[in-house]
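The structures considered in this document are given below.
Two complexes are shown next, each including chain A; its partner changes from chain B in the first to chain C in the second.
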Partner chain A sequence: MSTPTLDKHSSALDAAEVTGTHLIAITLRVRRFNPEVSAEAEWVDYQIQVDPKERVLDALHKVKWEIDGSLTFRRSCAHGVCGSDAMRINGKNRLACKTLIKDVSPEKPITVEAIKGMTVLKDLVVDMDPFFQAYRDVMPFLITTGNEPTRERLQSAADRERFDDTTKCILCAACTSSCPVFWNDGQYFGPAAIVNAHRFIFDSRDEGGEQRLEILNDKDGVWRCRTTFNCTDACPRGIEVTKAIQEVKRALITRRF
Partner chain B sequence: MATEVSPKDAVELTSSSASYSPDNPAPLIEPPRARTRRTPRSTRTNFELYGWLFMRLSGVVLVVLVIGHLLIQLVLDGGVTKVGFAFVAGRWASPFWQYWDLAMLWLAMLHGGNGLRTIINDYAEQPNTRVWLKTILFTAVAFTIALGSLVIFTFDPNIR
Partner chain C sequence: MQFHTYDTVIVGAGGAGMRAAIEATKRSRTAVLTKLYPTRSHTGAAQGGMAAALANVEEDNWEWHTFDTIKGGDYLVDQDAAEILAKEAIDAVLDLEKMGLPFNRTPEGRIDQRRFGGHTRNHGEAAVRRSCYAADRTGHMILQTLYQNCVKEGVEFFNEFYVLDQLLTEVDGVRRSAGVVAYELATGEIHVFQAKAVIYASGGTGKFFKVTSNAHTLTGDGQAAVYRRGLPLEDMEFFQFHPTGIWRMGILLTEGARGEGGILRNKDGERFMEKYAPVMKDLASRDVVSRAIYTEIREGRGCGPEGDHVYLDLTHLPPEQLDAKLPDITEFARTYLGIEPYTDPIPIQPTAHYAMGGIPTNVQGEVLSDNTTVVPGLYAAGEVACVSVHGANRLGTNSLLDINVFGRRSGIAAADYAHASDLVPLPENPTEKVEAQIERLRNSTGDERVAELRLELQECMDANVMVFRTEQTIKTAVEKIGELRERYLNVSIQDKGRRFNTDLLEAVELGNLLDLAEVMAVSALARKESRGGHYREDFPTRDDVNFMRHTMAYREVDANGAESIRLDYKPVVQTRYQPMERKY
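Now for the complex of A and B:
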């Protein structure tokens, strides 16, 4: 009765198999730095064959596993959740694990370098401590007063919606290291810290908003933002970062007047 | 799978960097003014908030003042050829134009001065450079405002 379909490919699968192993030659131009060898960072070209539907992270893996094992970069989940492989690809901050080769003009050399504004430790690995220090400084945790409730802290769907966008942050530092103010002055809190402050400032269950606003009201807080929108463009989660920063500014203004 | 390494791939030791080794690593590439646990220091003032607000409000007022000024001086009633000592003396005979020009002077200088202050904060990398640039800026702003205000209020049309 039923027709066996086991050994019969669908046309879509056939098409996928025909193009599936289509490799192209690309040049991966990586900015490498090894303090044990040289004080200077330098661009190194790697010619490799990759499937254009693969990701830049796969190309980096190919280099590390097959050409030069000393190439150093961070990656953990490799699927855009952990936020450890933010890097500057063709001059734009992106996650290597969410950027397809075909989307970064593979006919030209693809440049890969460490994110800007932080100390380069080796190759694509930077010292993230200042970034996480700024994150800690805005107190990214629930602050409440009074007795612990005996049940869940309830919140309306509308109240939850208020800060939904900023809950998506994965702390990859793509936004902060795309900010020209942060490049020139690491004292600025940076977009990521402000986004995570926003997440609690606008949470109806939280009572520490006033303290966080006070922290961000300082001379290295939200007022240093020049609304260049680099952070919004860089965010791999599509968070409207500049909008969040502006909302914190507005909260400070309306609190004062 | 054809994978080839470009000649540039081999890390060459130059004479200046040949001495670096695991025991003697090169200095790290530091960003300007890295954050530490104790910075930024909290100042607990609203100065930046008021500064930000002042820029927006003074900007709106300046649009009216400056466009009005340019129309009167350069476009209406014969254009720029009419501007002379007598023209200025005639306008400053009225307190309205005195205060118009005074407001324009103060707002433009403070607006521009605050804008340059933020640019210096953004671009100057050394703390010393910042201090000196800002000292020069504040001196120039204070001098211009003081001189301009003095002239507006002590202007004597019969000076000759």
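Now for the complex of A and C:
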């Protein structure tokens, strides 16, 4: 039985429990584009009052709900698990729902634009179909042969741990759209597809590793990676993306995985 | 307008929709319509686990699970359905493992299991380890695994297609499902999908509350589509408030945190659940814990400057255990509250979480048009449906189970039905209603704003029909919702375009929320008892004589076009368990 912790209230907890929200004025600078209106994209500034502890997504909602309903972006869960709202915030790929205003220098204009390397359809909405096609191309599903066991397949905790990091992917495209190779050549599979191939290649239950490695041995496969680590920096789930890509490269050479 | 024909159309691509799609695609020409991309669905936000009496770590069996489910639902559960749920749970988990789901493992390499609220050994003796899990991201893993298997099976998805209407045609005096009408977000085009069978798997309706764990997109679209066509909604007054949402934000912190040993404390540091549930303590059922939290707050033992929350204390658990078993929720506390759960307790409050009620179905997923009659060709599964396996209060880990068991069942049943049936002729002018709805919203010059009405609705629901309800608060809600529905007629939108018009869709979603909020409040007003998630301070006990029955709410329209809600009731299916007083 534990002892209550309340006598040692930390300053962080005190700060978290402050209720009187103090609002600050910010400028949200959004890259707007709507081909129904104009062929050119433009930056539009919105002056709004926000609580610095709120999310960038809350600020976007504030604009949409109170100033301009035509501002368009995707969002759903609003806490970083669905992967809908990857965007470039102050030039870095992040999820708008996992980025707090106070952490993006609110004293200066906060810039928000669509993720790069993908066709912008309207404002912050990009065409995700090529991204999901690259994902589908690496056969992102368990491949097994022979008869299925009656009960579960056994897997040791260590074998399960081997691919744990890459199971966290939410397919938000923050990594792929931060990759300079991908910006220059949309044919490259991109980090997210390789992450999802890794998730199966290193799963002890899977028997499709060789097939996937051959797919990634392609000229648009893993060898295009220049290890700039943009993908690792961009991943909102903290996946070591570049490391995963390196492990796939190594597996291609050693054929051991 | 575009026209499509399929054997089976599935509305929604969360867990239930994709589990159904895997079965239906093997057996029939199937299309899945989703207003998001499949992997954005809110199944992915579920954390703690999926219940199944695998008995991998201790003695357990599906009969105990059945009993816990029925008791957890405060005896409003249909017992035949609960038995199917608990029995088929074992294969449902094993199926997912074979599809590739990376469950946490025991030292022997089997699927690991942990404790969860309301799940007990031998009918309430003590907590049992029944929840099969993958850290605190079990829902994410289920969603990803099902999507992966949809890719494998070549399931055909229509992403960002928004179903707005259910088409019914009367043939030989029987109303049958003829298909659905959908709106394509990218283009603003209307599509008619004629299909032999339609399965709704479109999820919940939690966005009519302000403090909620639900996604922005959970607006009851499927429930509203069938309700507006005169089909009933069952037990809508029963809504679950999850005890541990992040204070004021509502973001879910899994019950698995308490399953791992986490403790709820009031401002005096007291483990208050000992007073309310001496045996199960922090792992009593969710309705019991949520009421206890609000009782503490009301009696002045809440935490913080305004005493409006309590703490979830994990500080006594080893950091390695938190990292391994609860990595996501501890990160939520760091990201959104700026606190370190290793050393600080987490401020929490109950958060609107799950609709126990929904579209009534039988155990094959077939939708009912009254207490017994099936609507041929129409199916529903998951949170949108009411089988009813959750009764008045769902047990944690039973929803990830529900979507797999009844998603699979409805997928098979719908595809088999489609095989044996012909297309039903579409009604004349099938898109008329949807086109009128969209044109009205697009052309309206009224002065009401969607965001403002939605906020007023959410604040009204939080204040009046949450954990504690009385005749007076519910009446206040009914009145306010009526006023908002009037004002909704004057809603206008700013985006008049066709391309990705989310402004328009938010207006449509608000209309759905308003209709469903009204059904909920009217159903709650009539239920003059307390049972599970529905707690009436003016009727604080369960009344099995008058209310051991499901509510069935129908939309009625009189000759002048005036709408009203008619309530009827449906008997509860009881097999082997007699109602008892519910203690934890």
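A few comments on the model shown:
Here is the rule we use: the second predicted complex is superposed on the first by the 235 of 257 C-alpha atoms of A that agree within 3 Å, B and C clash if a C-alpha of one lies under 4 Å from a C-alpha of the other, contacts with A are read in each partner's own complex, and residues count from 1 in each chain.
Heads up, the rule we're going with is that a contact is a pair of C-beta atoms (placed from the backbone, for glycine too) under 8 Å apart; a residue touches a chain by one contact, two chains touch by 3 or more.
Note that this is a predicted model, so its numbers are computed, not measured.
When the two complexes are overlaid on chain A, chain B and chain C sit side by side with no clash. Using the contact criterion defined above for the overlaid structures, shared-chain residue A:R205 touches chain C, although it does not reach chain B. Residue contacts after overlaying the shared chain place A:E66 against chain B and chain C alike.
Which of chain B and chain C touches more residues of chain A: that partner is C. Once chain A of one complex is fitted onto chain A of the other, the partner contacts of A:R75 are limited to chain C, with no touch recorded for chain B. Of the two partner chains placed around the shared chain by superposition, chain C is the only one that A:A157 touches, whereas chain B remains out of contact. In the superposition on chain A, A:M87 makes contact with neither chain B nor chain C. Touch criterion met: A:N217 reaches chain B, while chain C stays clear of it.
In the overlay built on the shared chain, the residue A:Q47 is in contact with chain B alone; chain C does not reach it. Contact with neither chain B nor chain C is seen for A:C175 once the two complexes are overlaid on the shared chain. Judged by the touch definition given at the top, the superposed model places A:E36 against both chain B and chain C.
Think of it this way: put the two complexes on top of each other by chain A, and the tightest Cα contact between chain B and chain C is 6 Å.
When the two complexes are laid over each other on chain A, chain A has residues 34-37, 66, 68, 121 in contact with both chain B and chain C.
Here chain A touches chain C in the complex through residues 2-7, 10, 12-13, 15-19, 34-37, 53, 64-66, 68-70, 72-84, 98, 100, 121-123, 125, 128, 132, 135-136, 139-142, 148, 151-157, 160, 163-164, 167-171, 200, 203, 205-206, going by the rule given at the top. Chain C meets chain A in the complex at residues 36-37, 39-42, 44-45, 93-94, 97-100, 102-111, 134, 137, 140-141, 144, 148-149, 151-152, 186, 215-217, 247, 249, 251, 263, 265, 267-270, 303-306, 308-309, 311, 313, 315-316, 328, 332, 335-340, 343-345, 347, 449-451, 493-495, 497-503.
By the touch criterion given at the top, residues 1-6, 8-9, 11, 13-14, 16-17, 20-22, 25-37, 39-40, 42-44, 46-49, 51-53, 118, 121-123, 125 of chain B touch chain A in their complex.
For chain A in complex with chain B, the residues that touch the partner chain are 23, 25, 32-49, 62, 66-68, 116-121, 127, 129-130, 133-134, 180-181, 183-187, 189, 214-215, 217-221, 223-224, 226, 249, 252-253, 256.
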